[in-house]
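Presented sequentially are two complexes of chain A, the first with chain B as partner and the second with chain C.
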Partner chain A sequence: MIDKIYSYIKDKRHTNIFFTVLGALIFAIIPLFTDVEASYLIYFLFLTFIHIVIAQGWNLIAGYAGQISLGQNAFFGLGAYTTALIWLHDITKTGYYFDPVVMILSGLAPVVLAIIIGIPLLSRLRGDYFAFGTLGIGQIIIVVFLKARAITGGADGLHIPSTVYESMMPYYYTGLLLALFAIAVVYFITRSRIGFALRAIREDEMSAASHGVFILKYKVLAFAVGAFLAGIAGSLYAYYLFHINPDSVLNMNWLFYPILMCVLGGTGTIMGPVIGAFFMTAIFSFGDVYFAQTHPIVSGVLIILVMKFMPTGIIGLKDRILSRGK
Partner chain B sequence: MNLILTLRVLVNGVLFGTTYGIAAVGLSLIFGTMRIIFFAQGTFIIFFAYISYWLLTLLGIDPYLSLIIVIPASMLLGSALYYGIFKEAAANEDKNISLLLAIGLMYLMENFMLVVWTPDPRSVVTSYTTLVFRPFGIVIPFTRLTTLFIAVLTAAGVFIFLKKTLIGTAVRAASEDVVSTTLMGINPNWVNAVAFAIGIGLAGVAGVALATIYPFDPSYGFIFAIKALIALALGGIGNVYGALLGGILLGLIESLGSFYVGGGWADAISYGVFLLVLIFRPQGLFGGSIKKA
Partner chain C sequence: MDSSNVVLRLDKICKSFGGLQVLVDLDMNVERDEMLGLIGPNGAGKSTVFNVITSIYRPDRGDIFFLGEKITGLAPHKVCHRGISRTYQLVKTFLKMTVLENVMLASVYGGKHPDKGTMERALETLELVELTPRKDILATHLTLSNRRLLEIAMALASMPVLTLLDEPMAGLTTVEIHKLLEVIKRARDERKFSIIWIEHRVDAILDFCDRVVVLDYGVKIADGKPDEVANDPKFIEAYLGEPAA
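Up next is the complex of A and B:
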């Protein structure tokens, strides 16, 4: 029996699944041993899970399909606002607080936006130009949220009733589930025909097209999945914040942090963003606690050092060490 | 009255747009040789605005006079940055590494400035800050006019450098084809360093110019970088001459937009124009049909 399990793990195809399941089990029992309401660890992990979800979304569109999107914070913010708006306007008539319907709708709103803007942008813009286009869209959305005061409350934003808050428990487990969901989504997409198509597009668009890959369809698909993940993460974060405003959910950090996590861990790999998310969130949290004012400087230095000395990320570092031995 | 008001808006647009223009020329040069958008440009502009603020408040050096110090210092800093940080990444096929280095640098500088100079807006106030000319009822502040002169002089300087000198020719050649240029015996590192030096040098000029006309705070850098990027796209990415015109055009769009539609929306309008240009005229409004990137 043990032999069988061991050989199953030894198989390279299964290591990712094994570690994900193992990790999930460990994280699932952590709250049993800690004081959930007071522990900083729980908050830290909750934040990490949210980052994993967004980072995996970006990983799919940028790491696998090679299209650098700089509009993820707009999707994240849209997800958060959708949750708040559905709740405040009593639209779905369901429970609202940690309601799956609301969360899925909050993921779908960015998908609709991603499809609407993705078709013109992805059909006409490549490489850097696509990145700038998405950056422009993100900025326009921020202006719209600031200006549509009647709906979004302008700069002050929206308040959802915080009296429903009982415990950190549902946040932790929903975060964990969403992170697992994001990892699974990206894992299964990249191992299907779609994944092959996406990688073909990343390596050489012209050649992919001439082999019969419908480029626009796959790019928009990846863009939409990325938007869905960002939106659903936004929804969860909205439940945590209770006060949604452009400053908190449309912040550029929601764009840069996930990108950094992907790059640090290794883009275009399934575990890279996860490792990156843990690493970066740890550094940010550590900095927040110990040198509150200067920690962003340290983070900036760190980004530069990592990109200078290990440009392929932590996952790539492993490969480099292994290849050195050969 | 209305005509004069419109004229005033137009003049102000052009005058402010020149600052975007200088920044965009810098971006364009760095993009030409390195093939990345140097996002930290805006943050460096604000950094040099603070330097000129310090030179004025601590040492009493006039902001325009401080250009004599700021320009060489910023050019040195530019080449040091290239050799210190970007050199290895520039040789790498994957341009994202350079892009992320730039983002990291931006993040570092912005937060450094937040710690050193606090998030409160600062402005450089001199005896001539309030000096205003009124030709035909159009109000033109002296500092903005000077900015226009500085911009035109700087741009002319860069153009002459690119056209007439051997190094400038090498930079232009590298923007067109890095591989061939390297085969011709031009050291790509050297060309990149020159482009970086001029790019950061232009950030120095833009920073001093900005300091004299506008209050600034550290977070303004990123916004400024995006504005310069829009100017660059309007003029055609990789087109040094178009970049200055693109900046002026962006200044006009913003000025007209905020006057006729309202403050915050002006940003949305300029991003909208940016998107339309990217989609329908990716070579820029002033360029021919040369395709680089």
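Up next is the complex of A and C:
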């Protein structure tokens, strides 16, 4: 019996599922043993979950499809603003606070943006158009949100009613659920026929196209799913902040941290971004105590260093060490 | 020529890169089940013909007709779905995928074939090129010769009407070439499809093809049965330089 379970887990496909389920169970019961309202651990995990969601989105478009997007912070911010705007303008007539309708709409707004900018940017064969284009979009959105003061409140931003706050519990569990959702979405997409096409595109677009893969369709799809994940993460974070402004939700750190987490953990693997998110959130949580705010340039430099010296991330270290022994 | 038998027709194709005119008013036909050889010196524009047919490049002028329909400017994946597959001069297999995954990709995305499942087609074509024993290894671990065979299998997995082979023998040993020719022969016996075959080994082309087209500086200088072409003074001139005056 034990043998059977052991060999089941050792099968590579099952290892990921096993550890995800095990991790989910452990994280689900942690609040039972901690002082949820006061514990730093709960806040740390909440932040880690949010990072996992954004990082998995980037993992899909960049890690699996090979298209370097630099727009995750724009989608994250757009998601946060969408949540605030729907609430403040009483648009959906639903509950607003932790309202699934609002959260889904906050994911869909970035999807619409991703499709509109993705089609022209991704139809070019050269990847740098996409990287610079998506970076530009982030900057344009910041300017628009700063200037459209009547709607967005400019630099001061938007305030949603913080009196609804009761406990850290819903934040923690929603974060956990979203992280599991993000992992599952990326897992199942990459293991389906779509994942097949994405891997082919990453290796050789021209060859993929001449074997019948409609490359633009799959690139835009991966980009849009990534945008959706960033958007719902932004929505959850908006509920936590209550005060949404360009500085807090469109900050470049929402772009660089998730990328750093992916490259550190291992891009194009399902568990890489998860490992990276835990690792980097821990480091930055300590760092924040000393530096107050890590400058985006620091994370930019770190990304380059990791990609140079650890191109396959933590996940890849095992293989690299094993192959060195040969 | 019975025009209903023509699967592919190029009509006055022109293509240039910058100031360099690579294809000049090229007319060319491929008939059903025909093996057409395409030869010419280095830089004659042979690979460009393939890139134009498969819509990697759009011709500056002229049109391409496939099975009676105009396909000029159609997206590359749609050209594939219509029934044209190809290999590349510099082999383009997916190195990080297994052999079977490579062929699966081609059979899954290459077009709909209601009579046969994707897996069945993939396994069948692997069998055809004799790569079944290697189906689970990564393409990066294959020899050049096997990678060429794999790319041919990928081209055949979509059940094409026409397949374009760009120098499949380049860099192979005599033994490997022999095997490759056998595979192509067997494939043509088992299935019906047309081939355009680019090759530097003129002798092989003259031996194997039903018809040969010779390109020189983007201009078609000969088109006919192998023995006719072999005796064509223009062909001899292109290959052996200036004829003795």
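Please note the rule applied: the second predicted complex is superposed on the first by the 302 of 326 C-alpha atoms of A that agree within 3 Å, B and C clash if a C-alpha of one lies under 4 Å from a C-alpha of the other, contacts with A are read in each partner's own complex, and residues count from 1 in each chain.
Everything below uses one rule, namely that a contact is a pair of C-beta atoms (placed from the backbone, for glycine too) under 8 Å apart; a residue touches a chain by one contact, two chains touch by 3 or more.
What you see is a predicted model, and the numbers here were worked out from it, not measured in a lab.
Asks: Should A:196 be classified as contacting the first partner (chain B), the second (chain C), both, or neither?
Replies: In the superposition, A:196 contacts chain C only.
Asks: Is A:215 in contact with chain B, with chain C, with both, or with neither (first, second, both, neither)?
Replies: In the superposition, A:215 contacts chain C only.
Asks: Taking the superposition on A as described, I'd like to know which of chain B and chain C A:206 touches: first, second, both or neither.
Replies: In the superposition, A:206 touches chain C alone.
Asks: Regarding the shared-chain residue A:92, is it in contact with chain B (first), chain C (second), both, or neither?
Replies: Touch partners of A:92: none, neither chain B nor chain C.
Asks: Identify the partner contact of A:301: answer first if only chain B is touched, second if only chain C is, both if each is, neither if none is.
Replies: First partner only.
Asks: Under the stated contact criterion, what part of chain A meets chain C in this complex?
Replies: Listed in rising order, the residues are 193, 196-197, 199-200, 203-204, 206-215.
Asks: Can you tell me which positions in chain A touch chain B when the two form their complex?
Replies: Residues in contact with chain B: 68, 120-121, 124-125, 127-129, 132-133, 135-137, 139-140, 143-144, 146-147, 252, 256, 259-260, 263, 267, 293-294, 296-297, 299-304, 307-308, 311.
Asks: Under the touch definition given earlier, write down the residues of chain C that touch chain A in their complex.
Replies: Going by the criterion above, the answer is residues 54, 56, 75-77, 79-81, 85-86, 88, 92-97, 101, 104-106, 108-111, 154, 158.
Asks: Which positions of chain B touch chain A when the two form their complex?
Replies: 37, 85, 88-89, 92, 94-97, 99-101, 103-112, 114-115, 222, 226, 229-230, 233, 237, 264-265, 267-268, 271-272, 274-275, 278-279, 282, 293
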